[in-house]
Every structure is written in structure tokens, then in C-alpha cells.
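You will see chain A twice below: alongside chain B first, and alongside chain C after that.
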Partner chain A sequence: MSDARVERILGAVACIVLALIAGMVVFVFEKAWPSFAHNGLAWFGGGGDVDLQLEDIFNSPANPSDYVYTLHAWPLLWGTFVVTAGAVLIGIVFSLLAAIFIVEFAPARINRVLEPVVRLLAAVPSVVYGLIGILLIVPFVGNHLISVERQESVANVVQLDGACLGVGVLILTVMIVPIMIAIVVDALRAVPGGWTEGAAALGVNRWRVIWTISVRTARPAIVAAAVLATARALGEAIMLSMVAGSASFAPNPIDGLTFLFEPTRPLASALVENVEGLSVVPFGETLFAFAAILLVSSMFLSLAGFAAKQPMRKYGVQP
Partner chain B sequence: MTPPPTGISDGWPLRDRVGYCAAWGAGLTLIGVAAAIVIYMAYRGTQYFDLGLLLESPNATLNQAQSGGFRDPIVGTAILLVLSTLIAAPLGVTIAVWLTEYGRPRWLARTVESAVEVVAGTPSIVLAMFGLVFFQQQWLGFLTFDAEGGAVLGRSFIAAAAMMSLIALPLVVGATREALNAIPGHVREASYALGKTKAATIRRVLLPAARPGIGTGTALGMGRVAGDTAIVVVLLGATLQILNGGGGSVFGLFRGTGSTLTSYVYYNSPAGEGLAPEKAYFAAFVLLVVVILLNFVVTRIAHGKDPGWTR
Partner chain C sequence: MSRNRPLAIAAAAALATLLIAAPAAAATITMSGSTSVAPLATKLAKAFVKLPKYRGKVKFVILQGGSDIGITDVSRGRVTLGMSSRDPKPADPGGIVFNKFARDAVCVVTHRSNPIATLSQSQIQDIFSGRIRSWSQVPGASASGPIDLVVRTAASGTQDAFQNIFMGQTLRVAGSATTKASNGLQAQTIKSDPNAIGYASFHFTKGLHDVPYQGVPCTLRNAKSGQYAGTRNFFLVSRGAAAGIAKQFIAFARSNPTAKRIVASNWVPLR
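Here is the complex of A and B:
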């Protein structure tokens, strides 16, 4: 086979990925369109109980012109936002510290343990995290951390049974931290040795060197890590559907600490939990609307993460 | 020459000491969390250890004495692993070779590169939903399980594996590219100097040298495939037992539906209907062992990475 032809065949195969993404956007949006079209911008707004609305959609009459589509998905969107933001904010601080530890301070013996540990935490399936959460942490929180007064204080709005926002954020943090550590460690290691050695030679202590030189050089990678972890957290469905409670409730920050103990349901979990209803046409289309929101946001985040990694190349640092 | 001080020394400002201690704390917490997970799962796994469960087929019944074990989920996991690797590995290697060795025109290569990132970032539940509409098309009906009356459900091992391979794909591409980039230019030049074409160089020189990288990426991808639940729940359905889809024993098996360890754990946890936490724990333990083994493979491959002659 001639060389030119090999090049063309390989290139054509690589372009399958492009076709795939185009296909994904077209197919998912085509299915999702009726739900968006019927609700307009109110789709993103609040009002009413999402669970009841979903039930009505599920039970809509068989005649296509009578399909019910009314949905105000704000509680799901808010739940997604709060859980993701919480996990990423805690995660980025924690993983930055852990990455500094791995690159700079950890004795070789500890580093030999830490490397497989990070890989293990990244590899544990989300259903196993969910199982530990639902059988160990949720009962603990429900029995010991939520006092009766606290339950009564919000009894007329929502029931607190241990499955809650706080547990979801906690476990989600553990799940996304390894991704961030991997990216940040690579970036910190890629900082040219001369830069840090130069600072050290001027008598700057080791913490200052890594904090002011390495971390600052690696800033694009830290942004990229946060963005990619956000994409990952957005799509986490199984674990959150197991531990974050089974009510489409929008936790209210005004409730103070109780906020953390209120149940919520992010978009992705709502999707997984309702999968059995896919064959009901309007219900399926509503679920595809959820998928469309997730698809668009994760696409933008991936591209943003890809772009954020580029500036490091400017310094000749390969992240 | 005295080695540079490794620890916290006198004269550090308080801020730096706090940061230093926080870094230590973060590192040790990480080890603690991982140890807690492994020890807890091992404890629960051995507590409910029962070899018989591995060999029994599951039954959908509320009576736990009769609900059987999880032979079918294990077989299902194996089928998915094999099928999705068969799709992801060749595709991923091809893309990686094109990106690193050809990559022309530049704009197209950059687009493909970012597209792979997009695939990596897409939630598996979204991939699953896409897979469902894609395989529900009439002309692809022969690949999936038929409902009674001939409606195309879009559910089968083939559909699930196709979408699973997309989870593994970015990992294969990434690891292969890294391996190809690590091969020094003079190796390629030596091959050209001997009169080999670029295609022959890739096939005979570069790919063999990149084999550890390809292996690492594939094993990492398999770990992700074994651990994914959302795609299984959507594209394999909720049947615990493996159902043959018809059309030959092997092809029918691939066309059929079933379950995997992940969906078994999900349905047997309090979140599903099964309410058999002991079985969920043991199945989760088996799953964790599979994943840890795949990780071990990665570590072994990564250690034997350096074929001496490329140095």
C-alpha cells in the first residue's frame, strides 16, 4: 500500500470521532426538542414539584396531541450546580495541597504508596462508592448527625433521612480528587528545574519556592484540572442517585447548616432513576432534554479545559 | 556538600508552616481514605464470602434464599470487557498514530484532538442515551434485542459495548500518543535510512515500541468499562439473567441482554429493588478485585516500559 493512501485511511478513521460528536449532538437534540419547545424558557425556571410534573408527563394520554410536557427543572439544575460546585471547590484546594506534597515534600517511601493510592481512588467504580455511601455513611448521618430538632425545623418542607447533599458532595470530592491530582502533579513536575533552583539559591524557603514559582507556573493546569473535574462531577449519576436523597428538592442555603442535610437530585441522577420510563414518548423526550443539557455543558467544559492547558506550552512547559 | 534540608526548618514564617502541614495532611488523608475503602470492602467481602454465589445464576425474586448468585453478571462483565476492548483498542491506536505521525492538515488534527477530549468529558449517562437513540433505528435492529412484535429496543451487549468503547477510547489514545512521542526521532530516521516507508516504520518499528503504552491505555480503559453503571442500566436493561437475542449462539449472545457486576450491585443495593445488601457487598468486592487487578496490570506494564534500544 502506498504511503499516501495509508495516511488518508488513518485520517479518515480519526475523523470518525468528529462524526460521532456531530451525531451525538444532532440525535440528542432532535429527541429533546419537544420538551424545550413546549416549555420555552420556563423549562429552566422553578415552580411546582418536579417529581409530580415528571409523574404527570409519564402518565400523559396516549394521543400525541395531548402529551403533557410541563416541566420546571430548576430544582434539578440547582442540585447539579450545588453538588458540583461544592465538590470541585473542596477538591481543588485539597488536590493542590496533595499535589504539592507529592511533588515536593513526600519522602520517597510515602510517594511509592501514594501513586497507587491515587490510581486506586480513581479506579474504584462509582457504584462501589455509592454502596459504601448508602450502607455506611447515610445511616450514620441519619442516626447521629441529624438531630430531631433539625428534622422538625424543616418537617413541613422536606424529610431529612440521612441521604443528603453533604454526603453527596463528600463522596463526589473523593471521586474527582484523583483526576485533579494527576493533572496538577504533571504540571508541577513539568516546571523547569532551573526556575525553582534559582529561587532556592536566593534563599527562598521550599514552601515559598513551590507556592510562588511552581504553583504560579502551573496555574493554567490548575484551571484545566478544575474544569475537567467539573465535567466529570456533572455526569456522576449512579453514586449521587444512591446517596443524595430521592427527592427533587432544591436545598435552600438560608437554612444554615441544615442546608447540608437536605436531599437533592442532580440532573444525571434524575436521568438514571427514571430510565424505565424511556418508552413513554413524552417522558423519554423529557429525559433526553436532561441529557442535552448535560451534553452541552460537558462539551463546553472539555473544550475549556483543553484550551486552558495550552498557555503552559507558551513557557515551553509541556503539561 | 550537605543535602538541602528536606523538612520544616527554623525561621519559616507561620504561613509557610501552615501550608507545609496542610500539604502533609492532604497526602496522609488520601492514604487514609484509600485504606479505609479497601479495608472496609475487604471486611464486608470476606464477611459475606460465598463461592457458590459466583457460580449460580441470579433469579428475580424477593426471597433471598432463592435469588441465586451472580454468575450471569460476571459473564456479562467479561463479554462487555472483551467486546469494548475489541472496538476501542484498534480505533484508539489508529487515531493516536494518525495524530502523532501524520497530523496533517494541522487544523484537522487539532479538531480531532479536542474531539477526543470532548468524548472523554461526556458523561457516560449521556453516551448511553445517545446509544439508545442510535441503536433504535430500524436498520440497526439486527444488532440489538427484539421486543415482541419486532419493535427495536436498542438494547444489547453490542450496543452497550459500542458505547463503553467510547469511555475507553480517550485513555487508549492518550497512552498511545504518549508512548509514540517518547520514541526518539533517530529511531524513525534509522528506519527510513534503511529504505522503509513511513507505513512500514509505523507497523514494524513504532507500534512494537509503543506496545507497553498501548497496553497501559487499554488496561486503564478496561478498568473504566468494568466500573461503569449508567451505560449498563440504560443499554442492557434490568434483566438479571443473560437472554439470548437469537441468530446463532455467539452472535445471539452478543445481541442479547443481561447484567454486569455494576448493575447487579446497583439493583441489589437499597437504591434498587433487590434489598440484598450482603450480595451487593460481595459483588462489589468482586468488582473491586477485578478493578484492582487491572490496575496492577497497568503498574506492571508501566514498570517494564523502557525497551532499552530506544534510549
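Here is the complex of A and C:
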């Protein structure tokens, strides 16, 4: 095949992908529009109970002009944010330390086991984590870690049955850390040997070389790892729906330790749990509104990742 | 070439099945919908194709997905019959007919360590609407501490049945309740939480304590005799009045003695 033809074919394929993405965005927003239009900015606010609102939407009357759309989705948005941010922040610390160990300290024979295991863990389907969570961790937390006094102290607002924010964040962290480790390890390996050797020759100790040369150089890769992990965490639905409580409640940080035991439900979980009702027109449009929010946040995520990498480009190692 | 081999085999296999199926020229009934109805519908379909009159002349394709999926599919003409475990709703698409063909018991369930002797309708309403939030306020409960409500999402047929049978039109399940997306998840949650209470189709209550309702235990026998009040309807939904082979299948499911025996094995036949 001639070069020119190859170029045209590849160009066409790339254009199809772009057209698909554009088409998807238009489709989702067109479907989601009535939900946003009826609620205005109150869609993003709090007030009332999301589960009851969803039920009202589901039981709308038949006449299209009487459709119920009222929804205040703040608990879902806040739940998505807290779970994702919690898992990614803990994940960054863990994966950075683990990657430094693998690249700088671990003997070769440990690495021969460690690295394949990390890559294998990155590929475990999320529903497996969900099953482990619901069969082992949730009952343990519910029956042993949450005292009856703690349950009774908030019983009028929310029930603490073990499925909670803390378990969700914990399992989500376990899920995303392997991907982050794999990316950061590759970046640390790509740091030019001359830079670290130069620093070492100047008498800098090993930890400082790692911290000021290797990790600094690998920053764009760390950002890339965080962006990828956030994207996976945002879209995680099944596992969180199983272990994070499935109650539309916005956990309140002022509650102290109880905060970790409060249930929550991120957007993606709310979407997958209610997908059965897609056929009821206003309910379906509400679900598409959830999808639209997820779509927009992942777009902004990519942009934010790109922007964060800009100042680091000069000395950075691109992943 | 070697990379394409699985594809080639699959294509050949598909072609082969087409050829085998084609000469039979069987009428096909496609169904989709409620996961609660599907096990019963599958058994009935197996019995139907064994009838001498229909042997080799009809075949079934049964898909699951939830009552609402079945109702939408049939209203758009994607399937012959939709399976629904909930009653018709005002917002359902027009032009479809709900054909009742069996009934099913919905039990209130608790953890095995909390064998409550009986609950009245008003007690169930108080518990699920959140007016009573502690087991100490429920006579006969051996659990202590707060009550954990475990219910189903709005789109579930079982949730709809529970609302209609136990809660009535005005009361609602408390917003603090944990909502689960499937029967299995709900049962698992109740199994691992001694303080939990929920509800489930009779089919899914293994390993849980069935709470007698108004003093009547939630058993198949009581549901059949009509003593147990917590029953709901199973429907086969057709687009317009059912016709042809679909009509014959619905008639079979409703009144054929073999079909009645199948229904009675785990569900409640129509009276």
C-alpha cells in the first residue's frame, strides 16, 4: 500500500472516532436536557430525598405535560466527589512510595514477582472487588466496627449498616493503585541515569536524589496516573453500588469518625442501579442527566490533567 | 490468518444453525422482561413446546432485564410478549394489554437470628416509613438497636408490589433505607446484618426468616389458599390483544392443567 493511501485510511479512522465522540455527546445532552431545563441550577443543589424524588419521577403521570422532573442531586454529586477524591489522594501516596521501592530499592528477584502481580491486579474486574466487599468487609464493619451507640446517635437521619463511604474508598483505592504504580514505575525508570548519577556524584544522599531528581522529573507521569485513576474511580459503578451503602445521603465531614461509616451513592452507581426504569420517559431523561454530568467531568478531568502538566514539561519525562 | 480462525469458526457455526433451523419453519415467541417472572415463563415455555399440537412448530427466545424493559420492548414491537411482575402504571406506553397469568407471594424478611412471630400491616408501615426506628419498639423482636431497612430501587417490580400491598398509596419507604438493585444483593445484605429487615419474592427467601404477616406465615400453601394477603400478579404483556400463537400460549399458561401444576410448584395459580 502506498504511503498516501495509508495516511488517508488512518485519517478516516481517526475522523470516525471523533465523529462518534461528538455524536455521543450530542445524543446524551439532547436526552438529558429536559431534566436540567425543569430544575435549573437547583438540579445541582440539595434538599429533599433523592430516592423519593427518583420514585416520584418514575411514577409520573402518562401525560407528557405532567411529567415530574424535580431532582436535587447534591448528595449524588457530593458522594461522587468524596469517594473519588479520597481514593485518588490515598492512592497517589501509596503508589508513589510503592513505585519508588520497586525502582530504587527492591532486589531484582522480588521485582520479578512484584511487577507482574501489580499488572495482574490492575486487570481484576471491579465486580470481584465488589463481591469481596459485600461478603467479607461490609459485614465485618457493620457488626464489629460500628457500635450500637454510634448507630443510634444518627438513627433518625441515616442508617449505618456497614456498607459505607469508608469501605467504598478503601476498595476503590485498592482498585486504582495498581494502575498508578505501573505508570509511575515506567516514569521513574525513564529518568536519565546521568541526572541521578550526577546528583549522587555531588554527594547528595540517596533519598534526596530520589525525591529531588527522580520524583520531580516524573511529575507529569504522576499527574497522568492520577488522571487515569480518577477517570476509573469516577466511572466505577458496580463495586460502589455494592459496598458504599446505596442510600442517597451526603456524608457530613463534621460528624467526625461517623463520617466514614455513613452510606453514600455516587452518580455512576445511581445510574446503574436505576437503569431498569429507563423506559419511563422522564426517568430515562434523568438518568441521561447523570450520564451527562459524568461525561462533562471526565472531559474537564482530561483538560485539568493537560493544564497541570504544562508547567512541568521542561524537565519532565513524558509517560 | 490464524487470528481470524475463531471468527471463521463462529461464522460457520452461525450459518450451520441457520440451516438447521430454517427447514423447520417454526413460529417463534420472543419474550423479555422481569427477572422474577422469567424462571416461571421458561418452565411454561418448555412444557408448551412439548405439547403434541405444537411439537417442532414453535420455539421460544426468553430474555430478562426487568419489568419495564419487557413493557417497553413489547410496546415497540421488539418482542412478542413482555414479562411484568408489576401492575400497569399510568405512564406505561399506550396500546399494550396486561394478561394476568399467575400470582406470587411477597414476604417480609429479617435475619435468621431475629425470628419475629408476626407483624401487622400497621407495624410494617411504621417500620418501613421510619416512624419506628428501633427494634426495642417492635414486640417479639430479638434484635436490639436501630432497624436497618433494606429495600429495592424505584424501578423494581418487587418494590412496586411491596408499596401496593403493604404500604398503600400515601405512605412511603423512609429515605434512610438502603436501596439495592437486585434480589440477590438485597438478600445478601439482610443475611449479613442481624438488624436488617426487607422484603422479597417467595422465590428468594432462602436463608432468611419469613415474618408472618397478620399472623399468617409466608408459605406457598397459605398464599395459594388466599390466607396470606401479600400476593402480587405476574403478567404477560402483549401489543394490542394477543393473537395467534402468543394468544394460545397465554391461554395455556392460564388454564392448562400441566401449566397449573408448574405454577403451583413455586408460585400461586390464578383462581
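The rule we apply is simple: the second predicted complex is superposed on the first by the 299 of 319 C-alpha atoms of A that agree within 3 Å, B and C clash if a C-alpha of one lies under 4 Å from a C-alpha of the other, contacts with A are read in each partner's own complex, and residues count from 1 in each chain.
Convention: contacts are C-beta pairs under 8 Å (C-beta built on N, C-alpha and C of every residue); 3 or more make two chains touch, one makes a residue touch a chain.
Model, not experiment: these values are computed from the prediction.
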**Prompt:** So, does A:7 touch the first partner chain B, the second partner chain C, both, or neither?
**Reply:** first
**Request:** Pick one for A:59: touches chain B only (first), chain C only (second), both, or neither.
**Result:** second
**Asked** So, A:135: does it touch chain B (first), chain C (second), both, or neither?
**Response** both
**Prompt:** A:106 contacts which: chain B (first), chain C (second), both, neither?
**Reply:** first
**Request:** Look at A:94 in the shared chain and tell me whether it touches chain B only, chain C only, both, or neither; answer first, second, both or neither.
**Result:** first
**Message:** According to the stated criteria, A:231 is in contact with first (chain B), second (chain C), both, or neither; which is it?
**Reply:** first
**Fill in**
Of chain B and chain C, the partner touching more residues of chain A is B
**Asked** So, A:76: does it touch chain B (first), chain C (second), both, or neither?
**Response** neither
**Request:** Would you check which partner chain A:218 touches, where first means chain B only, second means chain C only, and both and neither mean what they say?
**Result:** neither
**Message:** Quick check on the superposed pair: does A:306 touch chain B, chain C, both, or neither? Answer first, second, both or neither.
**Reply:** first
**Prompt:** For chain A, which residues belong to both interfaces, chain B and chain C?
**Reply:** 134-135, 241-242, 272, 275-276, 278
**Message:** For the complex, give me every residue of chain A touching chain B.
**Reply:** 1, 3, 6-7, 10-11, 13-18, 20-21, 23-24, 27-28, 31, 94-95, 97-98, 100-102, 104-107, 110, 113-114, 116-121, 123-128, 130-132, 134-136, 174, 177, 181, 200, 205-208, 211, 228, 231-232, 234-238, 241-242, 268, 271-272, 275-276, 278, 287-288, 291, 294-295, 298-299, 301-303, 305-306
**Prompt:** Which positions of chain C touch chain A when the two form their complex?
**Reply:** 65-69, 71-72, 89-94, 133-134, 144-150, 153-156, 172, 175-181, 185, 188-189, 192-196
**Prompt:** Can you name the residues of chain B that touch chain A in the complex?
**Reply:** 4-6, 9, 11-12, 16-17, 19-20, 22-27, 29-31, 33-34, 37-38, 40-41, 91, 94-95, 97-99, 102, 104, 108, 111-127, 129-130, 132-134, 166, 169, 197-199, 223-224, 226-230, 233-234, 238, 262, 265-266, 269-271, 277, 280-281, 284, 287-288, 291-292, 294-295, 298-299
**Fill in**
Counting only contacts in the complex, chain A reaches chain C at residues 49, 51-52, 54-55, 58-62, 134-135, 138-139, 142-143, 148, 151-152, 155-163, 241-242, 245-249, 263, 272-281, 283
